[in-house]
Every structure is written in C-alpha cells, then in structure tokens.
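Same chain, two partners: subunit A is paired with subunit B first, then with subunit C.
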Partner chain A sequence: MNGALWVAHLLVGIPVLASVLTLALRRTPALAALVATGAGLVSVVVSFVGMAVAPTRGVNLLQLREPLRVGSIEMPFELGSGPSTVAVAAVVAVVAAAVLVFTRWYLADDDRLAQFAATVLLFTAAMMLVVHARDLVLTLVGWEVMGWCSYLLIGHWSRKESARRAAHKAFLVTRVADIAFVLGIVILAAGAGSTGLDAVVAHWSEGGVEPWVRSLALAFVVIGVLGKSAQFPFQDWLPDAMEGPTPASALIHAATMVAAGTVVLAQLFEVLVVADGARWLLGLATAVTMVGAAVLALGQSDLKRLLAWSTVSQVAIMLSALATTTKELGPDPALFHLWSHAVFKSLLFLTIGWLSVVAGSTLAVALRGSANVHQLARVAWLFGLLALAGAPFVVGGLSKEHVITTAYEGAIGAGGPGVIVLAALLVTVVLTAAYATRAHLVVAAALPDGESLDDEARMPSAPVIVALAVLTVVTVVGGLVLLTGLFDIHGVSPWWMLLTVVLILIGGGTVWSARSRTTDGDPRDAFVRTPRQRALADGGLGFDTAYRRVVVTPVLGLARVVAFLDREVVDGYVRGAAASAGIAGWLTERGHRREAASGGVALVALGLLVAAGTAVLAWR
Partner chain B sequence: MTLQMQWSLLLPVLLPVAAMVLVLVVDAVAPRARLAAPVIGAFGLVGGAVTALPGLVATGPRLTLCTPAPDGRCLWDGGPLASTLQVAALLATLAVLALMSIRRAGVIEVVLLLASASGAAAVVASRDLGTWLITLELATLPVIALVAWRDRRAAAHGALTLLTTSLVSFGLLVLGTALWVTATGDPTLTGQSLAAAWEAPETRTLAGLATVVLLAGLAFKLSAVPFHAWTPTTLTSGPLPVSALLASASKLAAVGALVVVLAPYDAVVGGRPGPHVVVSALVVLTVASMLVGTVMALRQSEVVRLLAWSTVAQAGWILLPLTALTVAGRQAAAAYALVYAVASLVAFAAVRAVHGWRVEDGRELTAYRGLLRRDPVAGGTLALALLVLAGLPPGVIGLVAKVVALRPAVAAGLWPVALVAVVAAVLGIAVYVRWFAVLFGEPEAGAPARPRSRRASLAVAVVGAAVLVVTSVLPQLLVGLVS
Partner chain C sequence: MLLVPGAVGLWLVTGGRALAPSTARLVALVAASVGGAAAVAATVMRPVVDRAWIPDLGVRWHFEVDGVSAPLVVLTAVIGVLVVAHAFVEQPWADAPGSGSAATYLGALLLVVAGALAAFSARDAVLFFLAFEVVLVPMWVLISRYGDRHGAAARADASARFILYTAVGSTLMLVGILLLVTRAGTADLGELPSAAAGLGLGEQTTIALLLTLGLAVKVPVFPLHTWLPAAHTTAPTAGSVLLAAVLLKLGTYGLVRLPIANVPDGFARIAPVLAIAGVVGILWGGLICLVERDLKRLIAFSSVAHMGFVVLALASGTETGLQAALIGNIAHGVISALLFVIVGGLKHRWGSVDLAVVRPALREVSPRLGFALILGLAAGLGLPGLAGFWGEFLALLAAWNPAHHTGILRTCAVIAAVGAALAAAYSLRVARVVWVGDAVPDDVAGDPDAAPSTPDARSVELAVMGVLGTAVVAIGVAPFLVLSVTADAVTALVGGGR
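And then the complex of A and B:
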C-alpha cells in the first residue's frame, strides 16, 4: 500500500482505537483524557507525514482489490487521498488535538470527562472517514456517526433540560435533512451501479445522463448538506447547540460536523458543477443564510451564540463558493476557506471558553473587559476576529478573497447563482466586519478602575496556552499553506482586495462610531434598540416556533391519526378474526360433544351423505 | 399366468414379514427370551428401510410383478416416491417401537407393529386394487388391536370407535374398488384404462363415483373431516406410542394409498371434461379438515387431544397439493406428510418423556409451564416440533413444507383453496404458539415429576429433532428427496 493510503487508514483508525481505549479507561478520567490527548497529538504527527507524502494532483490513488458486490451494486469500500484531502485532514487533526488539550483543562472536574474525550475522538474519526472516503457508503457511515456524536456532545451536560433539548433538536433537524441525503446517495449509487466515488462521478458527470435526474440527486445531497451545515432553513439547531461544552462547540464548528458538507460536495464537485438545479438551490440557500446569520450575529446578547451565528454565515460562504465556481476554478477555494475557518474558529471558541471561565458566563455583559486577564487572550481574540472579518493577509482574509473572486468569475463566466451570491457576499463582508468589531470592543474594553482579573486559579494549564498560541500563529501566517501547493488556487485581483478592505472599514467604522452612542459601551444597542428586538435576535427570528408549528405539530398530528387507524381500524380486523375463530371453535366443539363409539356413526352418516351427494351431482 | 419377479424390490415388505415370522418362532421355541422379540423386530424394520434406500436415488423404472407383454401390467412400483414413503413408514414404526420401551414391548405388540409396518410399506408400492386394498387393511387393522391391548375401559372404547370407522371405511373401499373395476374393466390402477373409461360418459361417471367413494374410505384413514370423529377419542384413550403410530406411520400409509389411487388421473387431468368431481371432493375434504381441525385444536387444553385435532388440520394440508391432481402435487403431499410425521413423532416422544408410560391424566397445557427450564431436552425438542408444525422459523422446514404444499394448488388455479389454507396457517400458528408460549416462564411447584425410564423417548425426540434441524438448514434435502 502506498504511504499516503497508510496515512489515510491510520488517521481513521487511530482515533477509533483511542476512543475505545479511552472509554475502557473511564474509571480513571485523568488517565483516559491523557490517552485521548496523546492519540490526538499522534494523529497530528501522522497528518503532517501525510502532507509530506501527499500524492500529486491528478494521480489516482486507490487500493487494488475486488469490490464487494451486493446485488447489482458494487461496493469498493476504499479510502483515498489527494492534495486537498491531506490539507483538510491535517487541519482536522490539529483542531481535534487542540480541543482535546483544552478539554483536559476545561472539563477537569467533570465526572464524565473520559466519555467526552472518547466521543470527541470518535467524532474526529468519523470526520476523517468522510474526508478520506472514496465510497459513498463510507461517507454515509461517517456522516451518521457524526450526527450521533454531535448529539452526545451537545447533550453532554444532560442534567440540564436546555442541553437535552438542544441535543434533541440538533439530532432531529439534521436527521430530517439526512432523509434527503440518503435518498440522494441511493440515486447516485443506483445510477452508477457502484458506490465507489470515482464510478459515481464518472457516470453522473458524463453527457448521457438526464439533466433533471442529476439535478434531483444532487439537490437531495445538497439538502442533506444544508441540514448538517446548519444552513437556511435548517439553521436554528446550531445556536442552540451552544448548550454543549465549549470544546464540543469548537470541534463541531471548526473542523467536523458543519464542515463535512463542504467536503462531500467538493468530492462530488464534477457532478455538482453540471447540475444547475442543485447549484441554484445551494446558491440561494447560502446567500440567504450568510446575510441573515450575519445580521443575527450582530444582535446576539450572548457572545458564544454570536460565534455560532458567525459559523453559520461562514459555512454559507464556503458552500457558496461551491455553488458559483466554474469547472476551471474547481472546489479548492471552498476547501481553502474551510481550512482557514477551522483554524480561526477553533481559536475563537477556545479563547471564549477560557474567557467564560474567567467571567463565569458567555453573556456579553459579563464578558466585558475579560480579555484583560492575559495578554495572550487579548491577542488571540483580536487575530481570530481579524481573520473572521476577513482582514487582508491573515488566513481568513485570504480565503475570503478567493471565495469572492470565485463568485465573481462564476457570475461573469458561467450561469448559475453567481450574481446573487456575489451581492450577498459583499453585504456579508460589511456585516461580518461589524459584528467582529463589536465582539472585540466588548471583550477588550478597559476595565473600570479598581477592578482586576488577576486570578491564578482561572489561568489555564501550560498546554492550553501553547495550543492557543499555536492556533494564533497559524491564524496569522496560515495563508502560507498556499505555498505548499496543496490547494489548487488561482490568484486574486488587487482591485477586489481593495474593495473588500473598504467594505470592512465601512462595517467596522459604523460599529466603532456607534459605540459612543450607547450607555454601556456595547455597540449592539445602537442597532437593536427595544427589548422585543433583542428577544427576536436571541431567538433566531423565531425559527424554533416555526419548526414546531410547520413541522412538529403536523407530524405529531399525522402520527396520532396513524396510531388511531392502527389501533382502532387495523387492529379491529385482528381482534375480529380472533373473536370469530373463537366462536367457530365453540360452535364446532358443540358439534363434537358426544364422543361415543356410536357417536362417530352420525358423522359417518354425514360423510356418506356428502359422498352420495357428490356422486349424484356427478350423475349427469 | 406367470409373473416376472424381482425380489430385491419386494424386500422392504418381505423383511418385516420375515421378522414377524421369526419373532413368533422364537417365542414358540424360547418363550423366556423376552428381549428377542423387540430386537428381531427392530432389525426387521431397519433391514426393510435399508433395502428401500436404493429406490431413493434410482433414476430408471423399478417395476416388478409384471404380467407378460404385450399388454403387460406391473403390480409393484418401487420408485423414488414409494421408496421414500416406505423408508419413512418403517423408521416411524421403529421409533414407535422405541417409545413402547424395549422391555415392555411383548411379542404381541412387536408382531402387530411389524404387520402394520409391512402393510404400510406394501400399500405405497402397490399398483393393483387387490394388493392395495389388502395391504391397506393390513396397515390399519393391527393398530386397532394395539389400541385395545390395554386393560383400560377408555382404551377399549377408543378401539371400538376405531373399529367401527375402520369397518365403514373398509366397506367404502371395497365398494369403490368394485366400482373402479366396473368402470375401467381393469384391476390395476393405470392411466390408460382410466383414460379409456373417461371417454364414454357412462363409465366416466362410474369412474368418478368410484374415486369419490375410495376417497371417502381413505379419508377415514387420513382422519379428514367429516370422517375424523374417531381421531380425538382414539388418540387420547389409547397408549401414547400407538397414538404416535396413528399420527405418523398410519398417516404415511394413508398418503401413500391416496397417491396410488390418484396417480392414474394424470392421464385425464387436462382433458375435457376434466375430473371436476374428484377435485371438488378433494377440495371439500381439504377445506373442512383445515378449518375444523384448526379451530378445534385452538380450544383444546389437553395436549394429546390438541395433537389429535392438529392431526385433523394437518390432514387438510396433506390433501391440499393433491387437489391439483399433478405429479408435483403428489410429491408435495408426500413431502408434507414426511415433515408432519417427523414433527408429530417428536412431539409425542417429548410428551411421553414428560409424562412417563402410563399417565393418562394431568396432560394439561398447564403442566408444561416452564418445561424449557426444568427439562431442556424434552422442552427444546417439543418447542422445535411445535414451531415446525406451525411453520415458523427457526422451524424452517415446516414453512418450506407449507410453501411446497401451496404451490401445486396455486399452479392449478385453485386460489380460493389457497386462501383458506393461508387463513388456516395463521390460525394454526395460534394453536401451536399457545403451547409454545407455555414452555417458557417460571416452572410451577406442582409440575409432574420427571419419569425414570425415558431414555428411549428422549432418544426418539432428539433424533427426530436433529432431522428437523438438518432439513431446516438444508431444505433442498427434503424437496430433492421427493421430486
């Protein structure tokens, strides 16, 4: 087996084995967490080796063995590797390791630390499986395991009613979208006669396929992706998932769950690019999502939920790149944005996790000035937000530039939703700069005189400091990954760069100037003035109610009708059959009451009568 | 007249007869050798079965007792179907001999069993009405004596019932035979002479009437409704091994006899007018047996009586494929009868192992509560037998047999009968699951004590269950055996 394939198998296998081991060691949580963290670090090393031995572009790396045959469907069950694959795998490994390091400190007193670490590892393994899968069934396996792990992680503090509800909501909403995902995969596999990714792409991207069937299959996949990535109209589960521990949020938002959709669509890129219906669906949904989520992020009173909405918005940006890109540009702009988003979003989440320990809450009011606790917190938060806002040359800025360029190329070069997406992107740049500025202003505000946050007990352990420092450095210089050539990216125009800088300055400046107009220094109050508006923003525009009205209530009503039909109508026949059998038995028994030797003769006579009757009938 | 003879084909019948004679001689010479009779009997039965084995795999014709050409008729056919039934009937009798317990089986019992077995082995191979009629009675009459061979009033009552019905049955069979010979002018059961008789309207009516009367006579042996009245009485009052004999070997003999009678209809089944009288008579027997047997079994709480009514219901299932009047139908009927015979033998053996050899009371379903825990071997084999009878997995062979039995009827277009069969199958599941469910759960304090000498019964149950398991895993064994 080739070195890159070894790496692919190890990256999936190590977290799985470590997860089992961690769970086995759950009686000694400290040791279990240590093992888990060690496995995470080993994965990082392996993934770096993978980057070194990465196959060059265009080389098809597959194992040679007979595919499994199920009926007329071939199932190769193969893992594969490629340049962008190793880059994404590396960032997943890094984020997972950082999350595990952070978890050891953050959940040190938790009685279910080992279970949490095991779930994080399994989650990572599932994501690695999706990243490396060259078989749609393996993709589906990883996809579903991620759904299950996210349920466990979000509901980790299951003693809290709100955490249980959030976990249920995340599970149910993504499950509903998964119906479409599974349908899409079934159509794709059935059409190609194979679940192998290469066979599927080869079959569906050629000209002989009915365009509407291709668009339908891809649209189903896109709907599943919209659910998993928390895009409109499935977006509402992700902010609620903030009920989970902060490391879980970092993992879900940065490297795994919500990013998985981008990876899957990038794998199916050659089909997606010729499926116009699916591209329109994806483009419109992401355009609506990125603007709406950015607006909501600006209005949140809880900074962790602000980050959640920013994730929704940023994932929409990634997916919009896939919706607008052309065949020549390829899917790599989206994957590069995934890469950079993973870095800076994990940095932001881990920082706010630290700050929330300092402040005792994630509410903006409580976090005010909390970055003063440590110089690193201030720097990490600043650079994370700069990357989020898309400032030039930090990692997020570079990748966002590429997405905008891609949308522009798509808008002028090919059909599809390019123009709408480009307009939405430009609006989103302004809004993102605005809420990033707000987040910075709140957290980095000067403390009132006489207050101090020098509390040694709340200082994280040295490994956490190191992890945050590493993530900060990568956030600043991560753009250098382009030099490795792992991402196939074309250049960006300086004019677009200039335009986005202007837009960022407009957004940031507006918020900056609004600060002075508010009483408590939170610029939000200048935009969201009344309590009613605040409640609406915190409630995600009431989508939770809409889910209940539009989906839950009708489904429950239908379920009641079906249960009634089953119990009263269908079961009625069953009970009736039982009763009639009983009555028939009683009647027959009456006919057999006398069992004397002569009693048989009566029946014999009856039998003879029947025989004679038949004979007479026959005598024609 | 000279008959061309091939002795090897007759050995399955001659060996049990020789054993019977030998038992009598040994008893006359050395009356004290009590073990001699069962041992010689067992050897006779095994020898007969072994000599019938080549017929299972034979491809060429195995005819003997043929009259000289040109219009030679053969009075004996040892083909695969007949050989299979012979082996099954002889081994079933062997199992019954084991159930009787080798020490208690006296000379009389052994002789009667051997007589019945040789009759059963002969009737399935006979091709002329004389041999057929005599050997059929040879298979039946010794059983009456076996039922009565107990100083118990109920047993005498049961034997009397069986005797009455047997006499009526014999009368019908003789009448049917006479009508058949009148119609066809031929004492052998061959297709050509029946087809010739079917040409003319008068003889056609007569042939149809003959067949219906023969069917009525055979329905007594098969205990099909409305000729079933003796079954519950006799099976519950006689000794348990004899009941097992009636449910297995006698059933196989009756199926064999029926197959022999219906075989000539191959020649007329596609013609115009077809044999509608025979089909409708068979349909009436099938439907009535299935429904009455099942609903009556559903109401029983005494286990042997339940098994007796289940015999009636299963007779309907055996008749079901025969309604198609095709080769496949006859093979399916034989296959179903085989499965039923093995399963009911296992059930009777398990009941015998639970209750011992002379307990006629307390055979209620409640006595079986928790049997699986307090007596895993008897309980397990009984559970398997019940599942096979119900046609539920893991007793796959029961299900396969039911499907095999349904297929010819459906192929012949007899949809209504197939529908009734499905209803009966569903009700039948309720019958056996009632008993099956009792086997689980906590054993009661008042459960009957385990009888002491029951090794033979357990052996029969285990061997039978092993056969059921093997055929459940490899159902093609059974299907291939008869087709």
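And then the complex of A and C:
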C-alpha cells in the first residue's frame, strides 16, 4: 500500500475516531472541543502530506476489505486517490479545521458544544468518504451520513422552532431527491454487476449499453445531486438552513454537502459525458438556478441568506461545468471551482459569523458598518467578495474563468446545453458582481459619527484570527494551486477575461450608482422597492408554499385515506369474520339447544368462517 | 440437547407459579443466559441432533443450525436474555394486579424464546411446524394477561385477533406442509428440495400458495397485517420486543425454508403477487405512520413497511435477494427491538404515548433515552452505517435484477424507493414531536407539577438499550458479519432448487 492510500485511509478514519472520542468527552465540553480541533488540524497535516505524495490517476486503489459478494453483485469497498482527489481532500480538511477552530470560540457557552463538534467531525469524515470512494455503495454511505449530520447541525439549536423546521425541511427535501439517487446507483450497479466505480464506469461508458438506459440512470443520479446541492427545483431548503449555527453553515456550504454532488458526478464523468439526456437535465437546471439564485441574493434583507443564495448560484456554476464539458477538457474545471469556492465561501461565512456577534444579528440593517470592528474583518470580507464576484487573479476569478471557457468550448464543440449555460453564466457574472458589491457597501459603510465598535468581548480568540487570516491569504493566492498540476486544466483566453471584467464592472457599477438613490444606503432598495417584492425575495419566491401544496398536503391527504381504509376496510373483513362467527355460534346454539354437540358445531362453524374470511382477504 | 436449559427453566417457572418475583426473575435470567450461551455455542460448533421420533410418519427429532438460521438463532438468544433482564425494569405483574404472577410472565417469555430457537434450528418440516405453534400460546398469555393495564377490552380484542389470525395462518401452513411431505415422501428439510423437484408445476404452485399464505400472516404481509398494530400496542414491552424481533422473523424464515427452498418453481409463479403485496405494505405502512397518533402503533406500522422490503427481496428469487432478506430480517429485529424498548419505556413513564400530547422534549430532559431514540429512528429510516440500510439497498438491487418477472419487480423497486423516503418523513415526524423541543412545554410552563416527569434511562434499561444500540451500529458498519455467514447456505439453497 503506497503513501497516498494511507492518506486516504487516515483522512476518513481520523475524523470518525475523533468524533466518537469527542462524544465520549461530552461532560467536559472544553476538552472535547480541543480534541476535535486537534483532530481537524492533524487531518490538515495529513492532507498536505497527501498532496505531496499525490499519485497519478488510475493506479491507486485500496481494498478496505476482501470484496464482498452478495449473490451476483460484487462489492469491492475500495478507496482511491488521485491528483484532483488530494486537492479536494486538502481543502475539505482545511475548511473543517477552520470551522472547528471557529466553533470553539463561537459556541463556547453552548451546552451541546461537544455534540456539535462531534457531528462536525462525522460530517467531515462522510465527505472524505465521498471524495475518496471508488465504490458507489461507499459514496452512498457518505452521502446519506452527510444528510443526517446536516439535519443534526441545522437543528442544533433545537429549542428554536424555526431551527427544528429548517432541519426537518432540509433532510426531507434532500431525502426525496435521494429516491432518485438511490435508484440511479441501483441501476448502475445492477447493470455492471458490481458496485465498484471502475467496473461501473467501464460497463456504462462502452458502446454496448442502451443509450436511453444510461441516460435514465445518470438522470436519476443528477436528480439526487440537484437535491443535495440545492438546485432548482429543490433549492429552497438551503436558505432556511441558515437557522443553524454559522460554523455549520460554513461547513455545509463551503466544502461538504452542497459540493458533494460535484465530486460524485466528476467520478462518474466518463459515463456522464456520453449520457446526453442527463447532461441536458443538469445544464438546464443549473442555468435556471444560477440566474434565479443570484437575483434572489440581491434582494435578501438578511446577509446570511444572501450568502446562502450565492452558494446556490455558485454550486450551479460548478455543476454547469460538468454539464457542458467535453471529453478532452474533463471534469477538473468543475472541481477547481469547487476548490476555490470552498476557500472563499468558508472565509465569508466565518467572517459574517464574527460580524453577527458584533452586530447581534445577520440582518443587513444591523450589520451596517460592522466591518469597522477590526481591520481583518474588513479585508477578509472584501477579498471574499472579490473572489465571489470573480475578479481576475483572486481564486474565485480564476476558477470561474475556467468554467466560462469550458462552457464556451462545450457550446461550440460538443452540442449539449452549452449555449444556454454560457448565456446564463454571463448573466450570472453581472448579477454576482452586483450583489457582492451590495454586500460590501453595507458591511463596510462608515459608522455614524460618535459610534464605535471597540469592544473586547466581541473580539474572537487568537486562533480564530489566525484561521481567518489563513483563509484570506489562500483566497488571494490560492490560484497558485494550478502550478502544482493537481488539476488538469487548460489555459484561458485573455479575451474572455476582458469580457468578464467588463461584465463585472457593469454589475458592480450599477449597484454602486444605485446607492445614492436610496435613503439608508443599502442599494437593494433601488431594486426591490415595494414591501411585497421584499417579502417575495425573502421567501424565496414562495417555493416553501409550493412544496407544501404540491407534495406535503397531497401525501398527508393520501395518508389519511389509507389510515381510514386500513381501519374500516382491511380490518373490516376481520371484524366481519369475527362477528359472523359469533352470530353463527349463537344461531347454532339456539338450533341445538340442550344438545351436547352444539359446542363442537359452533367451533367448526367458527373455524370454517374464519378460514373463509381469511381466504377472501388473501384473494382480494 | 442444547435447548434443554431454556425449556427446563421455563417449565420450572410455569410449574412454580407461586414463586416470589425476585426468585423467579433470577431463575429466569439464569435459564435465559444458559440457553442463550448454549445457542451461541451451537451456532459456532454446529452440532447435529437426529433421532427418529414418529417413525410411521417419517418425522424425526432433527435439529441443526446452518448459515440461514445461525444469525437468527443468535438474535433470538440475545433478545431472550434482554427481555428477561428487562423484567427488572418493567414489571407487568405488579402494574396490573390480579393479572398473574411474575413466574408465569417470565415463564411465558422463556417459552417463546425456546420455541423460537427450536423452530429456527429444526431440520424437519413437521418439527418446524410444532415449534412454530409452541410460540403462539405463551405469546397469547403475554398479550392478554400482562398487556396494557388501561383497557381490558383492548387486551381481549388484541389477543383474540392475534390468536385467530395466526391460528388460521398456521392451519393453512399445516395443510401445505402435509401436502408437501406426503407428496415428496420425506419431512427432512435437507432432502425435501430434491425430493420435491419431481412435483408437477400445478402441485408446486398449490403447495407454495398454501405455505406462503400461512406464513404471510406471520410476517405480516399486507393485507394480513391488522393483527400486528393491535398486538404491539397492548403487549407489554418485552412482548412487543419478542413479537418484533422473534415472531415476525419466524414468518420470513419459514418463507425461505419451506416454499423457496422446496418448491421454487411454484413460488416463482406467485412471486409477483407477493412482491406487489410487499411494496403496497411499504407504502401503506409508511403513509399510516405519517398520521398515526399512537407511537407504539406507529412503530408497529413501520414494521409492516420494513417487512415489505424483506418480502420484496424474497420475491426477487435471486441470491442477492435472499441475502438482502436475511440481513434485513436481522436488522429489523434489532432496530424494532430497540425502538420498542424505548417506546415501551416512555409509555411506562407517561401512561400513554399519544403524539398529540405535548410533553417535555426528550433531548432536554432525558438525553440518554433521547439519544437511543434518535439512533433507532435513524436506523429505521435506513441511514447507511446503521443496520437498516443494507437490507433495503440490497432489496432494491435484487428487485432490479430479479430471476423472473423483470418488469413487475422493477416497478416495485421504484415504488419501494419512494417508500424509503416515507420512512424518513415519519421518523423525522417522531423526532420532531418527541425528541426536540423545549424542556418545559409552553402550556404547562406556569405549573411545573403538571408536566409528566421523564426520568432518564438507568442501569438495566440503559444496558438493554446499549446492547441493542451497539448491535445496530455493528451490523451497519460491518454487514459482512451477517452476510458472510449466510452466503454459503444461500448459494446452496438457491442452487439446490434449480
């Protein structure tokens, strides 16, 4: 077993063990959180070692145990590693460690700190499992465990009704989409006779299989991905998930849950690229999502929800790269955007977590000018937003550039949904620049005269400052990861860069100029004018109501009907049989009064009737 | 004889009804432990007991443990010890004065366990039937005499329903067994498959139909399930656990042993109907769980849904399907036992488990009980890494590539996948009502005495939940523990039938 595989093994194993240990130490929360953070940092070190010993693709499989044969299906249970795998694993480890460091400060007074830290570690382990899995069953295990952990994390403050509801909704929406995901995996595995990724890819990417079956299976997987990644029409759970503590949001949004779909589809890339139906589905859904979510982000009154919608939009961008890319370009542009998004989005979330402690709320009105609390807050927020908007040379800009180039190549070269996606991407660039500018203008606004935020109690601990500083630096220079060659990425054309800069300036400039037209300095008011529009934007265009009307109400109605049928019809036969036996017994008793045999006859009649009743039941 | 400790212990206890509860408990615990240890030893060493019993009929006193029955024997042995231990926590004889003595209660528990162990290790069709029947009467005693202390009528109704339903099922099964045995000329389960292979398709179908119908009552398969919620709701906690973890398993085990092993061609003809019934059961149970108010009934309906997956897997007729059914069986036994221990404990504390009543959130007032509950619910909704996942996933895989009737079974697989999402919906519903929330509900906030107290689980109850919880995690993380034990036997079973 070579070094890279040891790393894969450790990256999954360390968080699991640490999670159990942390839970065991729950009576001493401070110690538990320390252990958790330590495990997070060790994972970071291990993941860096992993980058150093990164293998080339394809020769790197690790058997977790002897392959399991269940009937005709083989389950190899392999972990694997590869260049882009180690890069993604490293960013997951870094983000998780930063989140754990932040949690120690942010939830220091929480009575369930240890449970929270343990769940974060389990969540990380599950993501690591998805990243390293070379077996669809392992992928599914990681996938679902992440869903469950997100339920626990979002609902962490379970004394709050809104948090309970958000957690419930998040799990159910993603679980409904997972119906398709599970079926997709079942079809893929059943066809290949193995759940091993290599066998599945080999079987389904060759010419012998029916194209429509392949497209169907992949479309099912894509639907599951759309659910987990909060894409249209499943997008509405993610903004509600903001009810969770901010470190949880940072973890879910940056490096794990919502990004997992990109990893899975990248693993299945060679099948996806020949499954046109699935690519169209993915392309259309992401095109709609990226534009719609960007518009909603601009209209939010709560900046944390603004970040949530921006995640939806950004994840749509990475998935769109998978929908449009060609066989030659490969899945790495999407993975690179995942990488950079993880860095800058965790930075933004942790910063807003700090600012919300300063301001006491995440509403835009309350956060106004809060970045003045510390120079680092101002810088972190600015660079995070620059990366989000896709400014050249910061990490987000580079990766977005590659996605746009990919879409262009796909549009001219490979058919598929490339043209639509490209158009949506360009519109999204403008909108993203617009809402990023808004977020900056609000938070970095000058404080009114005489107000000051100098308050020692609101300053985070030194480790948190270090973590934020590290993330800021990586956001600025993270593009250098391309020099390591871990991502297999082609160059971008300067003309496209020029075009995006122009688009960014248009978006940012519009918002900048709109500021002067508003009374309180929040440029949003120039775009979302009436209270009704505001309510619509904050409510995510009413999708919550739609979910309830279209799914929840009919299902509950059906459930009531079924419960009624069960009580009155299915059970009715049984009660009927019992009653008729009773009557028959009574009749026989009258007919045979004072005759010794009557009891026996009644018993026989009863037996016959019950048998008849059951037969009727069974044949119904 | 391996089962003697269990049997002797229980006969002692039923004979000595006047025994003081504490003595009886001790005796029963020792008997259950010895029996359990012997059963575990039997699965490891695999001894064979084979004596002529009724030579005229060719019926033999033949016990042997093989791969298919080994996990079930271990499960029964462990559950047997746990339910007897649980008598230290909940004392139905004390709760309902005049119902019966402690010794009778414990004796009934032991009898059920001994009967189930005998049924699982019987290698003779007639012997299997007898052992199967031995279980019914003590179970009836448990439900009717030690059940819910609030409603005598409900107890009578539930126990009568239980006995009628299962007796009718048994009658059908007996006819099936007799038909099979007389036609094939042997009652030995080892020789039956080859002996029965010569039967015509019509005969095979008739036999398969009779056997399947009879066993389907016990599983239970929709629409023969209505005895289950009633029985679960009224039975004492230990009774519910036995019902879920042992009795229902007899049904599926019987399906594997009798129709599938002996008359595979006949079974294949009725398999689509069985698959559809299973899938309807999944949806039916899942939907009812969304609106059911009584938590115990809810868990019972979720059992119907879970057994639907097992039935679907069996109906696929492949090796994968059989494996899925066997591990699904074990997983359901462990998970539902855990849930019934918790819910039974809650009912004991609160007096009822009506979900419409607002109570303090378990997560706040009794975290250990809450943790066990959420673990059970997570396993129930099929979370990977816990026991329930493997049975469900493999069942779907098997149904997608069945041995016959591909179209129908694939449709069933899709519907079953939808049913799995229903499981998530009702599990979270329970979690939201019982697990999370405020320590003191709003409407009783002013009057602390009005809130029912929920002391956390301690000592024996905690240990029982701990063992079951560990099993749930262990099977989930290492499914091969079960799968590799059953693999060879399953291959032989499917291969022998072909």
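Odds and ends about this structure:
Simple rule for what comes next: the second predicted complex is superposed on the first by the 565 of 620 C-alpha atoms of A that agree within 3 Å, B and C clash if a C-alpha of one lies under 4 Å from a C-alpha of the other, contacts with A are read in each partner's own complex, and residues count from 1 in each chain.
Just so it is clear, a contact is a pair of C-beta atoms (placed from the backbone, for glycine too) under 8 Å apart; a residue touches a chain by one contact, two chains touch by 3 or more.
Please read all numbers here as calculations on a predicted model, not as lab measurements.
By the touch criterion defined above, A:365 reaches neither subunit B nor subunit C.
In the superposed three-chain model, the partner touching more residues of subunit A is C, compared with the other of subunit B and subunit C. After overlaying the two complexes on the shared chain, residue contacts for A:171 are found with subunit C alone; subunit B is out of touch. After overlaying the two complexes on the shared chain, residue contacts for A:566 are found with subunit C alone; subunit B is out of touch. After overlaying the two complexes on the shared chain, residue contacts for A:586 are found with subunit B alone; subunit C is out of touch. With both structures placed on the common chain, the touch criterion links A:546 to neither subunit B nor subunit C. Contact with neither subunit B nor subunit C is seen for A:52 once the two complexes are overlaid on the shared chain. In the superposition on chain A, the residues of subunit A touched by subunit B in one structure and by subunit C in the other are 578, 607, 610-611, 614, 617-618, 620. Across the interface of their complex, subunit B is touched by residues 577-578, 581-582, 584-586, 588-589, 592, 595, 597-604, 606-608, 610-611, 614-615, 617-620 of subunit A.
Residue ranges of subunit C in contact with subunit A, taken from their complex: 160-161, 164-165, 168-169, 171-172, 213, 216-217, 223-227, 283-284, 287-288, 290-292, 318-324, 361, 363-364, 378, 381, 383-385, 389, 393-394, 396-398, 400-401, 413-414, 417-418, 420-422, 424-425, 428, 432, 435-439, 479-480, 483-484, 487, 490.
Subunit B makes touch with subunit A in their complex at residues 157, 160-161, 164-165, 168, 172, 205, 208-209, 212-213, 215-216, 219, 226-230, 232-233, 277, 280-281, 284, 291-292, 295-296, 298-299, 426-427, 430.
In the complex of the two chains, the subunit A residues touching subunit C come out as 65, 68-73, 137, 140-141, 143-145, 148, 151, 155, 158-159, 164, 168, 171-172, 175-176, 178-179, 182-183, 186-187, 189-190, 555-556, 558-560, 562-563, 566, 570-571, 574, 578, 607, 610-611, 614, 617-618, 620.
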